[in-house]
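Here is the structure we will look at, set down as structure tokens.
By letter and in written order, the chains are A, B and C; residue numbering begins at 1 in each of them.
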Amino acid sequence: MKFNFSYTIDALPRLLEGALITIEIAVIGFILSLTIGTLITVFRTVSQSKLLNAILAVYISFIRGTPMLIQIFLVYYALPAIDFLPGPGELRVDMGPVTAGIVAITLNSVAFVTEILRGGLAAIHKGQYEAARALGLRNYPLWRKVVLPQLFMKTIPPLVSEFTQVLKATPLLAMITVVEMMRVSQQIFSANYHPVEVLSGAFVLYFLICFAVSRSSIGLERRFAVRRF
Amino acid sequence: MSIKNNIQPLVELFDVRKCFGQTVALGGVNLSVARGEVVCVIGPSGCGKSTMLRTINWLEVPDSGEVVLEGQPIGIRIGQNGKVSPQASKDLNKTRSRMGMVFQQFNLWPHLSVLDNITRAQKIVLQIRKEDAEKTAHRFLRQVGLSDKTHALPDQLSGGQQQRVAIARALAMDPILMLMDEPTSALDPELVGDVLSVLQQLAEDGMTMIIVTHELGFAAKFADRILFMDKGLIVEEGPPQQLLQNPETDRLKLFLKQLGTMNLKFS
Amino acid sequence: MDLDFRIILDWWPLILSGFKLTLVIVTGAILLGIPLGGLLAFGRQSKFKIISILATAFIEIFRNTPFMIQVFLLFYVLPFYGIRIPANIVGIIGLALFGSVYYAEIIRAGIDAIPRGQLESARSIGMSHWQSMTNIVLPQTMRIILPPIGNQTLSLVKESSILSTITVQELTMSALIVQGQTFRPFEIFIVITLLYWGLNELIATGLRIYERRLERRSLSDLASA
């Protein structure tokens, strides 16, 4: 059999639409997880709550110890099966596939983001807190003006890497009927019986997206760089 | 001092040059070492003495010039039509096995015992049988005074002990030449003496040695010749008494003044 | 909410066979992936420009694409060229290729961790490059890289669930089958999740014990010096 490039070209418009969905889902999920992750990190550092840290430890171990696909299935299939109201009346979570997908991605990514931020926080000199406190800065400005900017600048590479991981997780959502690039490919080649040509196109697109993102890490670092002295 | 055989020099360097990027490490070094000679190389940091030593066994490849061992060029092969090409690795390895090298950081292999360190190369490079290799190992361990450490691991030994094992490891290959790159510089002062006694023994036994060192006391007593290098060139050379007591060049005078050469005993 | 865990008992043989296949596939992927990673690591350092470019390209391609599309492509490409192999084997190969690029980096780091001086003393005593590698560098590298290799194994276990998308009957596929047959997602996914999590914790604990033993050994050396 010969590779017929025209099938790849024909598939391209729809693949690009799928790519757009892929990127949208990844970005939404990542922004949510970054926000939640930052809030958790600030809260756990300020409150020093042993309970919170214990819960987080279990949560992170769970997320890191189970396959992403299973997590997606749990959110899409198992979560709606839970009735939160015992007895008469029902309270269930009702999510479409896209919502479920974003929720699963966010819940997954939050664990990694919290760990990344925790590592970055540990690297910031403790003296910073003490100096800022001595100058009269209380919590909110302390965090906003002193700690968080440094934290994010330090953690750009691992965060970009985590975003790449999120991008690479999006095709799994095809298994819960989300029409992102992978699902689009399946739809196309189940109609034209040329999986290799279509998948190759999707493969190249995934590569270009992820490669561009990981290369941007250097550019981002430069843009947000704090002047060294 | 040993009687030297001056018929054919053992090692020769002809106009050896080497640059690292923009820096000139060796600016045209010429050297001739006779069999049985003990040559000490001194000079300020960055003068090229280590680089020069390392070109002798081709750990550094010169940009130009020749290194010759017993009349045969090292590292290059001259074809029938006169064309120069890199030496085959098999031949280079063989040549290297005839030279022993001792490093400032000892470079023992930490996952092997002292005995294995000394026998491994004998077995795989010289194809010596295990029993014979071990016999040789025991002999040299006795010579350097470490028979009781035969089965120890390198990280269980002091710096001086490790260096002596490194010397035994090199000697076990029955080399015709010993190259030493600041053998005592990484040692605590009280351990230096043990290593120097081993080197003294080697010198008295007639081993040809080229030693890069800061130990002027040792050089004064046991070197047949001292080379003073600066900025990639041999600036002055001569017997210890002449060089150390009556330095000619200003650079050597300055260097000796900075080191302080009082109380040097000459042989 | 009514839970009926009896269905787990009913379907246990399928779950167990899925679990076993997961283990087999991951083991196969490790056995294939590590040597492949070694080849990549050496290929990257090769003096021949073409080999090093190919190796680097291979690594970049496999790191910047989702595993799912790698196995899909592999699954459909092989029959395309007339090669017919069972899905399980395709799964092992796909997982091995995926893992090899991470193994390559681990092996490279392990080799670089060995101080250059040791290599120099080996070469200056007359050992060939190959002899220096096999006698001096690699034995030490093997010991160092075991923890990161172990970590990568955890990653492979998780990625193996994606093989369910190319009809491999491993643990995740078992879950999907049971769900499809019983219409009860909750019980089965909880059990599968616990199985994966348990396996992961087992491997992670094993690694921790190994690392602690390594620390203890080097401490005792210091004590007896």
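Throughout what follows, contacts are C-beta pairs under 8 Å (C-beta built on N, C-alpha and C of every residue); 3 or more make two chains touch, one makes a residue touch a chain.
It should be emphasised that the depicted structure is a prediction, and the values quoted were computed from it without experimental measurement.
Looking at subunit A and subunit C, no chain is in contact with each of them.
The chain with its C-alpha centre at the largest distance from the centre of subunit B is A. Put simply, the chain closest to the centre of the protein, by Cα centroids, is C.
Inter-chain centre distance (subunit A to subunit C, centres taken as mean C-alpha positions): 23 Å.
Note on chain placement: the centre of subunit B and the centre of subunit C lie 46 Å apart, centres being C-alpha means. Between the CA-based centres of subunit A and subunit B the separation comes to 58 Å, rounded to the whole angstrom. Contact residues of subunit C toward subunit A in the complex are 1, 60-61, 64-70, 72-73, 76-77, 80-82, 154, 157-162, 164-165, 172, 175-176, 179, 184-186, 189-190, 192-193, 196-197, 200-201, 204. By the touch criterion given at the top, residues 57, 59, 89-90, 93-94, 96-101, 103, 105, 107-111, 120-121, 124-126, 153, 155-157, 166, 169-170, 173 of subunit B touch subunit C in their complex. Here subunit C touches subunit B in the complex through residues 115, 117-118, 120-129, 131, 135-136, 139-140, 143, 218, 221-222, 224-225, going by the rule given at the top. Of all residues in subunit A, only 1, 61-62, 64-70, 73-74, 77-78, 81-83, 86, 164, 167-172, 174-175, 182, 195-196, 199-200, 202-203, 206-207, 210-211, 214 touch subunit C in the complex they form.
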